[in-house]
Structure formats: structure tokens, C-alpha cells
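Both complexes below contain subunit A, partnered by subunit B and then by subunit C.
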Partner chain A sequence: MKKIVLLLLLFLFIFSGGCWDRRELNEHAIILGAGVDRRADGACELTLQLARPGAFGGGMEGGGAGNVILGQDVVWVVSAAGEDIYDAQRDLARQVSRHLYWSHNALLVFGEGLARQGVREATNFFHRHPQSRETMWVMVAEGTAKNVLQSHSELEKTSAQAIGFLARAKAGHAVKFIDLIKDLASPGANPALTRLELVKQGEPQGPGTEKKYEHKEVVFTGTAVFRDDKLAGWLDKQETRGLLWLRGEMKKGVVTVPSPVEPQKKISFDITRSKTKVEPFYDGGTISFLVKITTEGNLVEQQSKEDLLAPGVLPELEKRLAEDIEERCRAALEKAQGEYGTDVFRFGEAFHRKYKKEWRELKNRWDEEFAGAEISVTARVRIRNTGLLTRRASLKR
Partner chain B sequence: MLAQVVLATAVLTAPSLPIAYAGQDAWLCILLAGVGGLLIACLMVNLSRRFPGETLFEYLEDILGKIPGKIVSFLYLWFFLHIVTVVVREFGALLNPIFLPETPLVVIHILALAPVAYMLWQGLEVMARTNEIFASLLLFGVILVILAAPQIKLTNFLPVLDAGPVPLLKGTLAPLAWFGELITVAVFLPYFNRPRDGYRIAGLAVCMITFMLGLAVFLTIAVFGPYVPASYLFPTFNAVRLIQLANFVERLEILVVVIWVAGGLLKIGAFYWIIVLGAAQTLGLRTYRPLILPVGVIILALSFIFHRNNLEMVRYIGLTWPFYGLTHELLLPLLLFGTALLRGKRRKKK
Partner chain C sequence: MRTRLRFPGFLFPRSKKRKKLSAGRQEVSRPAKEGGPPEMEAAGGGAGAPSAAGVSTSVKNPGWKELPLSSTLDENLQNLKAVFAHCSDIVFREFNFAQNKNVRLALIYTDGLVDKSLVSDQIMKALSLEVPLVTSGKEIGKEQALEFIVRQGLCVHQVEYADRLEKAVNAVLAGDTVLLVDGHATALINGVRSWEARSVEDSLTDKLVRGPRESFVETLRTNTSLLRRRIKNPALKIETITVGRVTRTEVAVAYVEGIVQPGLLGEVKERLRRIDIDGVLEGGQIEELIEDNPLSPFCSINHTDRVDKVAAQLLEGRVAVITDGTPYVLTVPALFIEIIQDPEDYYQRYIFSSLVRIIRFIAVFAVLLTTPLYVSIITYNPELLPTPLLLSIAAQREGVPLPAFVEVLLMEFVFEVLREAGLRMPQPLGQAVSIVGALVLGEAAVRGGLVGAATVIVVALTGVASFSFCYTGSTTVRVIRFPLLFMAGFMGLYGVLISVFTLVVHLASLRSFGVPFLSPAAPLVLSDQKDFLVRAPWWAMFRRPRLIAGVNPQREDPGQKPRPPAGPGKAGR
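What follows is the complex of A and B.
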């Protein structure tokens, strides 16, 4: 009896081997970046940047522009249109020989056209899909998302990777998918996403590139500002700095101001840490906010001649830097309050925290209230270090 | 062990419901529910201690008499059957769409029930010892919260008491019904090594559950804020997905699945055991072993009949379960307790 059972088990093991959902690595098409556009006829266009694992091999030059030298493309960009995103993805399944695999997707790009009509519908697929991650970066392309994904990076293996590194390095205002969702769901905030643009950037040099060609690299050029889920407009690089200060997300960055003594010469300050405190005030009629920014950092470049060791010079400089920060914040506020009428700074949430009863009435027309709010920004800067020099060394004294 | 009975599934799904009602104050719901749970647990321990050595199903007959006792016993059996089917379905709801999308649900359910059935065949002690190993996995939960620290924003909890008392109480109902699952103490108590410690153990279980559920709710709100998590099927799971440390400590959700599978199996085991034991005692059988297979098949079938899809399950947990559960967990025990007091029933001293 026991032997029969054993035999039966053995039989089972041999013939029922494997699992239902097994899928080998080489059956996957790994998605590195995804883009969604709205076509003129209303259809959704999904563009995917797929990894070509064969071309990733090598590693003889340790990454870099291997794809150019070897004549091997590292990625394959495909796109298809459908009634919604999943429909488009099904359509892609007819073109791509492998099973589309979302887990490694690190980038979601919305085309400008889609963003103007609203991104809310376009988020659901990515949130519902078990493979897709909430930690991917979400950005808006100037023009179409397809264009951005079709570009390539000179330094990194793919443009999606390059964008990911830029975002991680806090080169601009970068937002993860989950933050977009939170801002969409919150009545006291509006989303602001990175703006991507293709810019002609440098010339590739070296023995492999005798044949010069036009190269356009993806660059962060500011911020896309939303009102609810619709793109309202853009913030340029300077205003984006203001946005970061006001959101309290300024982690790295440089502030350059004219020297107090010689206005045509500049002094630069590198931020190491920063804190933003937003306090709302409401007297039943007018809403006002007091924003306090405290920043620490180092002096990194000084073109002017003043002696930093002299008393009063550093505090004066700190004051100038603070004024510059306030100026940038005001520029961002002006655009958001005046031109676009949208609270992308999450001030509504700060208001909600302090005035929970009043919030219930105000939250449905918060953006209008925000546009009329009085907001004053005060910054305080502390210079902690000045690099390896104290005063300038190259001056004849 | 008792704690595990409640925790296993609640810890993943818990945050959705109270957050849906009470927003950022959901953690208060859990605390309130914890207090309620403590009362329920004490009630049951007190009741059980009047009948030392007897399980709920045995002393039901002592309190109510033979026939009514059996009827109420069946009511409870049916109730526990409901619980176990939800657990089985929840078990599948996580594994099926996310990790094994093409495997038929029924296979996952069978795979969940088969080892449990084997465990029951081996007896309660095997289950208890398995639990000791699995319970240590809950430590992972605490570690995960620490790892999620960079994503946590404490300002998400402000303002406190935003929604007012009514949503708060609404949000408390569902967790309270989970705590109510502690009435199982009435079945486990006679099998404790030291039944005298009933209060202490039940109290400890409530504390543990409150802590872990509180932690889950805390994590979810701290990471997602008050608006988003109400739409999630498994908010804790989604919260853990966000953990990203130093660019290489990420995608830790598999740990959650480990906890989930281990806890789910034990929870299924506990209720499965209660059902077969209760059925055997009600029917007057000497051993519950012959019931394991038929009950398993019934559970399997009902897990599909009761919940045709995951949304039906979610609706059931959110809307039906709090009232249905509390009827059996609070109302009936209270009635029983009253009757027992009135009729002055105690187990005859030997």
C-alpha cells in the first residue's frame, strides 16, 4: 500500500512539475519607462521603453555609451493606441514577443496634451496593477511623452535611467507616483510634476563618434503645475526653486547673489539643510500665511573681494541670500496665486491642521481662497563653512 | 495564539475601514476597539470559568438546556464557518491577483486548507507549537515600520478629532468585531496549560492585538495620509511597498506575504479546529477527526459561495460583518451570561 502511494506521488511529481505562474526571465519584456499620450482622436497612446537584455551584457567599457559604439540598441521603444491604457497594452502584446513586465518600471511620463485634459484617469491603471510600483517617478513631457522616451542618454544606458538618476539627485522638483495620488486625493493640495524637455546638449566626443549627429538629451526644465488634475501651466527653473522652498522639499541646491560690495560680482552658497514652516492665520475673513524658511549651508564661490573675516560681512551676506530665497518664493507664489490660481504648495493641508472647523467650509473652494490669501515669506540663512579658504587667497594685499 | 487568531488577517486589511470613516483619527478607533475587545474577552473568560474544563459548546447546554443549547451551538458553528470562509477568501485575495495571477483560486484555497487539515489531524498541540514559531514572524512587522521611517510624516495625523464622534464610532465597529473574535477564548480556555490564567492571557492578547493593529494603522496613515488608503484592498501591503532605503533595501513586501501566509494558515487552523471540535461536541462524538475532511470541503465550497469576488468580500467585512459579528460576539454572550447568572448555573463540583 505504502509503495503504491509512494509511486503515485513520484508519478505526480514528474508529470505535474512546474507551477502555474512560472515565467522565466527570458520570457519577460522589462519595461524601463512608460509614457501616456492623448491622441487627437481621443485614443490613449501608451509608449514603453523596453530593455533589450542582450545589449546590456558586455560591460567591457563599464557602461557608458556602449550602445553607440557597438551599434547595439539597449532599449526598444514601442507604442500603441487604445481606448484606455490597458487596451493599448493589449495591443502592444501583439507586437512584443515577450510578456510585458511592469515591476521594474521607474518612470511614468504624461504627454502635455493628456496633462492638459487631466491625468486622473491615466493614473488608475498604474495604481491598480499589482506589478507597477508607487515609487516610480511621474513627470510631464513638453510635447509628447513618446518623444521623451524615444530619446537616449549619452551617459547612462537609457534615457529612463538617466531621468531616474536626475530625479534621485534632486536636480529639480521630482515627484513619486504615490505623491501625485496623494495630492490628487487631498482637497488641500494640487500636484506639481517635473517638466521634461528634449534639449540639444553637448556633442558626444571620442573615437566612436566620428560621425557627428544631432543629440538631444532629456533635461528637467522646471515644473508642471496642475489645478486639480489638469495641467495649468509651467514654472521655470527659478520658480521651481521657490516651489521647493515653499513645499519644504529643498534638500540640495545653490543660491547665487550679487556681492554686497561689488554688485556685478557673484557669491554662491550651497544648501546642506533646510526647513520650512508654514503657519496659517484666519480671522473669519482673510486668510494669511507666514512661511519661515531656515537654511544652513556653505559658501562655495566668491568672485568679489570683500574680506569674509571682517566683522559684519558674513551676516550681511546671509541677509542677501535670505532676500534672494524670499524673492524666488514670491515669484513662484505670484505665478501660482495670480496666473494659475492653484495651491501646489500644500498650504491647504497646513490650514486644515490648524483650523479644522473652518476648513470644512473652505475646502471646496480652496484654490480660490488660496489665490486671495496673503502670504509672507521670511528666510533665515546660516553660513556654516566656507570651503578650504577663509578670505580670497589670490588677492594682492 | 489567541492574538494570532485576530491579527493574522486584520493586520493587512485593518486600516482601510477605520480610515474610510475616521480619516487620520483611525488610530483612535483601534484604541477604542481595543477597550471593547478587552471587555468582550473578560466577559467570555468569566463565563467560561464558571464551567471549568468545558468549552463553549459544552456549557451552552448547561446554561440553556439540551435542545436550545444545541441550537445555539449550531448558530455559533455557522458563525465560525462564516469567519473561516472569509479568512480563506482573504488569503486567496492577496496571493491570487498579486503573486499567482493565473493559478485558479481554488488551488490556492486547497493549498491553504490541506496543511491546516493535517495540522488538525495531529492535534491542538501541534498547532500551538507551530504558532510559537510563526508568531515570531510578527517581529518583522515592527522592523518594517522602522524601515519605513523615512516615508513617515507625522503631520498626517493632524488635526486630531477632525471628523467628529460619529464617524469615529462607525470606524470602531469593524475593528471591534475583529477583537470580538476573541470569544474563541471560550473554546480554547479548557485547553490552556493553566486555565486559571485566563484573564491574564486574554488581556495580553488584547494588548498585543491593539499594538499590532495600531501599528498597521499608524504606518498606513503616516505614509499615505488620510485620503488614499481607504481605497486599498491591503493598505499595509501597499505601505510596505514604498520602503526604499539606500537604493537597495526595497521591495520588502514579500516579508508581508510571509507573515500573511503564516498567520493566515494559523487563523484558518484555529477556526477550523473550533468548528470540528464544536461540531463533534455538539453531536456527541468522541473525536473530531472524522469531521476534518467533510468540514474542509464545506469550507472550500462556502468560501466561493459566500464571496463570489473580492469586492463582495470587502463589502461583507465592512458592512455586514460588524453587525453580524457583534451579535454573536457581544449580544449572545451577554444573554448567555445573564441566563447563567439568573439560573445560577455552575458546573457541579465533583
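What follows is the complex of A and C.
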């Protein structure tokens, strides 16, 4: 008897918690991308790109599972304003019939206006929310975030997914939310986020596609550079490459240099492995940094006609490539040191690691110190492989 | 030895009860016993093993069992006819010995259980017509008749004596022919058993590509002969016991002496001896009466109808319980891992066998966990899915009116119904049911928007996976799946975790005849890992399962790995 009562009690305990947060898939409004803008009146505007699962086909008539049904909107972009982000979300909950579901949100876009005023306040909600992921990509939109989210992708199902794929392919300087938080928390680093822009991009081609229409695709057009949490300015694509080299985040990419023999013709080099070593020096007065970049890669295209097997040709090419890399780094450094006066390269952290005591005095005015620091960049390039060809077929012996 | 003294019923040739008759038996039946067909031994066994329970079958005249046989034929016949009243299949045939009206004989047997040509040619014709030819007219009197019949008259390979009515009755029921001689209080039991039986065929439940196909049949003696043919060694012992007050079913305990642990053997016999039931129609009844964990969904006694599998189990030190009337032989101890072991694993090349075994292992967990995980992930933790998959599943669920849990439960129900229908339908229709069920119902359910396509896939995967390992195991896993599904529906991954945890604790607590059910995984037995998730090559598996064959673990000489012969050239180097 006692046993039965105990067993019943156990079941009661176990099952009274049952179905606690059970929610069927079709009660979720799946958020694919979120954007935050600051309105002129100071209100926070939250824009959400919600998936409309009905338009994804999914085994029902018309289109196989996961295929987009033509003529149907794949996403629904809603926005609402509030005093802060959660307030705006509450307002959205009154417009959206389903429960907002953050776990699959892969993209957070800050509008340019908000970024200029500071993104710190806008990150707290996403950091605190149990559903929101720290691995989502954080980017800055040229213009408003709402605009960017209100686009669609020609290739992917949604623009948010397209941006996610671009970011994962390391097409630019893609930053995850957790890295933004770290950069914001660290006095020795400033955030640098991808810049998003809507660009008129190609025309859709296909049988029956006669009517041409304006389509703007979201593309990466550089990097937004922050000073503390405020947007200081932009880096263009070339400078972004420099940023990646200096941050040691260059995992893949292409370097194109003019041929040493025929300067109007180009030679391209594909990076397979790269390492950046930053060493700070401090003598009590001046701060200097020695940046050593070691890169390996393959030669992938050669428009000029030099014989790669001839002695001295490859070392010469390697030298040219190294110079190009150094040049790009210098361009990025000039912008960051001169124009914006912000350390987006995490050099402060490298300094902190080596000069712990001195860092205590310097950290509060690090960006100024960084602007005045002397930084020398040296690159070393190794060409490992020249593709399937070593000699051009037309090259005469 | 202690066991034998305590339970003489098991070893009738050595038991006290048999000692009285051993002299006669040696003279008469020994020579026949060795070379004859399997029925002979059955005759001895059936007649010799007294009813273990010792309970009367006849309610009307409970006293007849104690009656000795009378020396008057008429009285014996009267008693027997009273016992066999209203048994239309019992034949009483009276005739005279050697055309001599003074010596009357009576033949009693069960119609259908004896070889009629043997009865008429070798008993009746021999005794009534051919004896005079041998004796050349010399008349044999009543007194010498019995001795003469046994020595010279009968042309039957196995003859036994009975001096009690009960024994004669049992012999008739077991299919032997009882010959009563007027003036003698001893009946002759002639082993001429023969009845309609299914021939030895392919196993219906354990299919295989490579390996022996023979399976057991319903006749106990045929089954023991099949085993004997695999293990031609006097160490293969087959002891018989009668179980079932009414059915008096013969149950044989088979083991290989010298490999089996005496404690295990004693335990099996002891548990069998304790059974008191009116009838045993299948080994399953015995299984449930002697198993260790009667309340567990897991069976700690295995069964198979594959001869080679039983032989292999015996060689590993297990004990087999063969029940008359069923092709399924019980083997103990049974371990969890036997769910994924298949006889074919040991015949196919070990690399392939290991792969298949790992796949089966995964399939067990697939059957158990796919649907619960599916339900808990899509209703509680959709963040675990990749976004494109989530969108695809969400799209399928868009029009579905039921919660995912109910949806899955419904599909599982439909699948189980289809499976059962396919099984029970008359064979020509079975195929149609599965096709109609699988294709039409599934497709219609998805098109009708009742269930999502993903649900159908998940349930179908579970269903197909459940066919990939042994049937007994799959029935168990299929049962456990439902509580797991409920836990998943109520509490999501948390519920699944609780269930799996409980399940593992339960499994670890189980034992089968003293052997931990999860061994050799828990407790970990390193040498037995060779026959666990992978099947090591035969030259490497030189030990028997340690916890089962404790006394004699060496299976073969280690170091038999084939290698090139050490030729003269190599030896010189």
C-alpha cells in the first residue's frame, strides 16, 4: 500500500510538470532574421523576418518538401516600435498570431542610425533571451535594417539565409554575436561588423522570364568600424581584406598582383593557410607593433607568360604577393589609425597579454595610444602549388 | 550428483525407480536402442518417466493408478477399458498366440500414433501366424508364452516390461503398443511409435542466406535427433521430464557435459521440476513459469527453431529446454546482446558480420528512440533541428490538425495494426494488406493532411528497423517504445532521458539464470567483447563466454590464425 502511494506520488511529481512548454511547430512564428533601428523619435524599431512555412511546400500538393512555391511570399516582414527591444517585441506579439520563436534566428542587423548612436543597448536583449543564439551573425545595414530584411534572395529561399551562407563562406568580415559581445566588453578591442547593402544585382533569367524587374540583392560591401559601441565609419572591400589579415582571420581568399614581367597582366593566388603574429613593443613612451603574416597558397591563374619553372620567378612572385598583402594591411591601418582612431584589430589584447602592468594605465585611453602607435607589417608568402599546370601550354621551350 | 539423487525423474535410467527393471531392459532393449530410429528412445522415455507431478488424470476412479496388472487378461482388459472409456481412438485387439486358443493375447494402442504396418506385420502376424512355423508345431504353453514372445516371437526393436496399470496406460497414450498376455501380470510395451508429423523444413522465423536451414519440428524425438546429429558426442546429454498434469508433455533438457556449469544445470532442472500446470502446449508457457524476471518486458530466456543455433548455444555452455509439440527450443541463460546476434554472423565473413551487427545495434535504438525523439524535438526543442529541416517539417505540419504526439501515436497504431493484419491474414491476402496499408494509407493520410510526410517517414523507419533484428527482441523493443513515446509527448527530451535512464537501470538489474543480462557490457568482460558489437574471426574467439561457460572457457587452440606455411626456404632464413 505504502509502495503504491509512493509510486503514485512519484508519478504525480513527474507528470504534473508534463506538457510544460509544449508548443507545436505550427504555433511558432519562426524568426529568420531580426533588425533593430532607431527611429527619429528615439523609439526602438524591431523588424522581424518571419518564415511562412505554408509557402515552403513540404510534401503537400505543388512542390516537393522544402521547395518554394512560386508566387507565394516565403517570408513576412513585420516591424514594431517600442521603448526598448522587448517592448517592441511585445507589440509584435499583438500583431503576429503565433508565438515568436527566436532559436532559429541566424541574423541580427543594426541600422546605420542605431549603430552611430551605439549598439550596446541593443545587444542586451539578445544576450539575455534564452532562445536567441550567440552564434547568429551580426551586421550593420547601410541605411535601415528594415530595408535589408525586406528583401528576398534569388537563389536561397530567404534573404536572411542567403546572408547566412555568405557569412559562413567567409565572404567578408563576418562576426558572430558572441564575438561582438566580447569586443564590446574588451577595452583592447573594438567591434568591426559586416556592412550590408542592397545592390541592384543581375537579372533573373529563365524560360518565361521576359519581364525584367528591379531586384536588389543584399551583398557585403565592406566593414563597419566601431569605436567602443558607436559606428565610426566604413572600410571598403580592399581595406576589409587588410582587416582580416591583421586580425588573423584570413582563412581563404584571393590575392591578385600584376605580373613581374608583364605588369598589365595579372596573376592570382588562392590562400589556403595563413597565420598572423602580432608582437607589441613598449619602452614606456612609444608603442610599436610588429605584425608577421605567413601565408601559403596556390597559384590559380596566370595571364602573363613567364615560365614558372625558371629560377627566381616563383620567389619574385612570392615577394610581389607579400608586398600586396602588406599594402592592403597598411590601407586598413591608415583608415583605422588615422581617420577613425579605433583599434578594430584587437591589438590592445595582444598588448595586454605582453605588458600586463602597463596595460592598466593605458587601457582607458587605448584608442588614442593605438592611433599613435607605430605598426610595421611584414608578410611572407609561399606558393605551394600551381594548379594542374606548371607551364602554360602555349609557352615555347 | 546431488541433483540427480534428489530428482530421480530426470535421469530415469539411473534412478531408483528404474533399477527394478534394469535387468530386463538390458537383455531386451539395449541392442535395439543403439541403432534404431529415434522413436525407440522416446518409447523408453515416455513410458519410463513417471508423471512428475504425480497427479491423477482421471477424476472418476482415482484408484486405478495404484493397481498392479492382474494375471488375468480379462481383468486387465476390463480395467484398461474402464480407464479408456469414451476414448474412441484407443484400439483393443484380441487374438490368439500361435493359433493356440488357450493363449490369448490383447494388443492395446492409440490409433494414429502407431505404425499400423509394424503392428500388423511384426506383432500380430508374427505372433499368430509365424510362430507356428518356427516352433514346427510344438505348442508353447501359457507359462512359457511371455518369455518366448520376448525372445523369439516379437520382431519389434524395443520392448519393455510393465507391471503396473498406470505404466501401461501411459505407454498407450505415448504411442507405444501394449501387449497383454493371458496368465501374466506383466505387459509388454512395444515401441512402434509413428505419427503424422511435419517434415524438417526451413526455419520460418530466423531467415538466413548462408548456413544450415534445418529447423526443429513439433516432434521431440526428431528434434533431439537433429541435435544429436550436430553434436556427435556422448557429452551431449538429453534428459527428459514430463510436465503438465493433463497433457503429460515431454520436456527434454539438453546440455553438453563438461562445458555447462553444474549450478546452472541444476537450477534449470529445479525450476522445471517445480512447474505444476495442467498443460504445456508451447515452450512459452514453460518460459514464463521459470524465467528470472517475470515482470520485465525483456525475456531472459531465448527461443529459436534453428538447430544450428541451439547447438552453438549448447557449445557455449548454455542449456536448452526442448518441449514436445513445438519447434521452438528454449535456451538459457539469455543475454541482451542476443537480440542483435544472428546465427549467420558466425558463418559469414567476420568483417561483414561485424558491420551488420553494428547496424542491427543501431536499429535497436532506432526502433526505440526515433519516434520519441521526433516528437520531443518538434514539440519541445525545435532549436535542435537545422533551419532548413525545421522549415520543411514546419511546412508539412502546417495543415495537420493533430498535435505531433497524437499524430505519431496514430501512425504507430496504424503500423502495428497493419503488421498484425499482415501476420494474421490468410497467406495469399497478407501481401495485399501490407501493400494497401503501406502505400495507400500512408499516401492518403499525407495527402489528406491528416499527418505530415515526416511523421510517415519516421514511423516507417521505426517499422522497417524493427524487422532487422531478432523477432523476440523486436517485440520487446516495440512494447517499450510506447511508454517512451508517452514520456516524450508529456515531457519532451527530459522525459526521454528519464525513460532511457530507467531502462538502463532496469536492464542492469536483470539476470538470466545468474548471468547479468547486460554482460559482457556490464559487467565488462574484455575477452567477450570479441563477440559483442563486432564478431571477431573464429581464430581469435578462442574463449567461450566467460560468465556462461565458467568451468571450461577454452573453445579452441589460440594462435590458429592462418599463415603461409613455413617452407624450407623460409625456415632456412
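What we mean here is this: the second predicted complex is superposed on the first by the 363 of 397 C-alpha atoms of A that agree within 3 Å, B and C clash if a C-alpha of one lies under 4 Å from a C-alpha of the other, contacts with A are read in each partner's own complex, and residues count from 1 in each chain.
Here is the rule we go by: a residue touches a chain if its C-beta (ideal position, glycine included) is under 8 Å from a C-beta of that chain, and two chains touch if they have at least 3 such contacts.
Since the structure is predicted, the reported quantities are computational estimates derived from the model, not experimental observations.
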Partner chain(s) touched by A:K146 [first = subunit B, second = subunit C, both, neither]: neither
A:H173 touches, of subunit B and subunit C: first, second, both or neither? neither
Partner chain(s) touched by A:R328 [first = subunit B, second = subunit C, both, neither]: neither
A:H352 touches, of subunit B and subunit C: first, second, both or neither? first
Comparison of subunit B and subunit C by subunit A residues contacted: C
First, second, both or neither for A:R247, with subunit B first and subunit C second: neither
Touching partner for A:H28 - first (subunit B), second (subunit C), both, neither: second
Subunit B versus subunit C as contact partner of A:A106, first or second or both or neither: second
Those residues of subunit A which subunit B touches in one complex and subunit C touches in the other: 19-21, 133
Residues of subunit B defined as touching subunit A within the complex: 97-104, 107, 155, 158-159, 161-162, 224-225, 227-228, 238, 241-242, 244, 247, 250
Residues of subunit A that touch subunit B when the two form their complex: 19-21, 130, 133-135, 168, 178, 181-182, 185-186, 349, 352-354, 356
Residues of subunit C that touch subunit A when the two form their complex: 378-380, 382-383, 387-388, 390-400, 403-404, 446-447, 449, 452-454, 490-492, 495, 498
Residues on subunit A engaged by subunit C in the complex (per definition of touch): 14-15, 17-26, 28, 30, 32, 51, 53-61, 65-66, 101, 103-104, 106, 131, 133, 157, 161
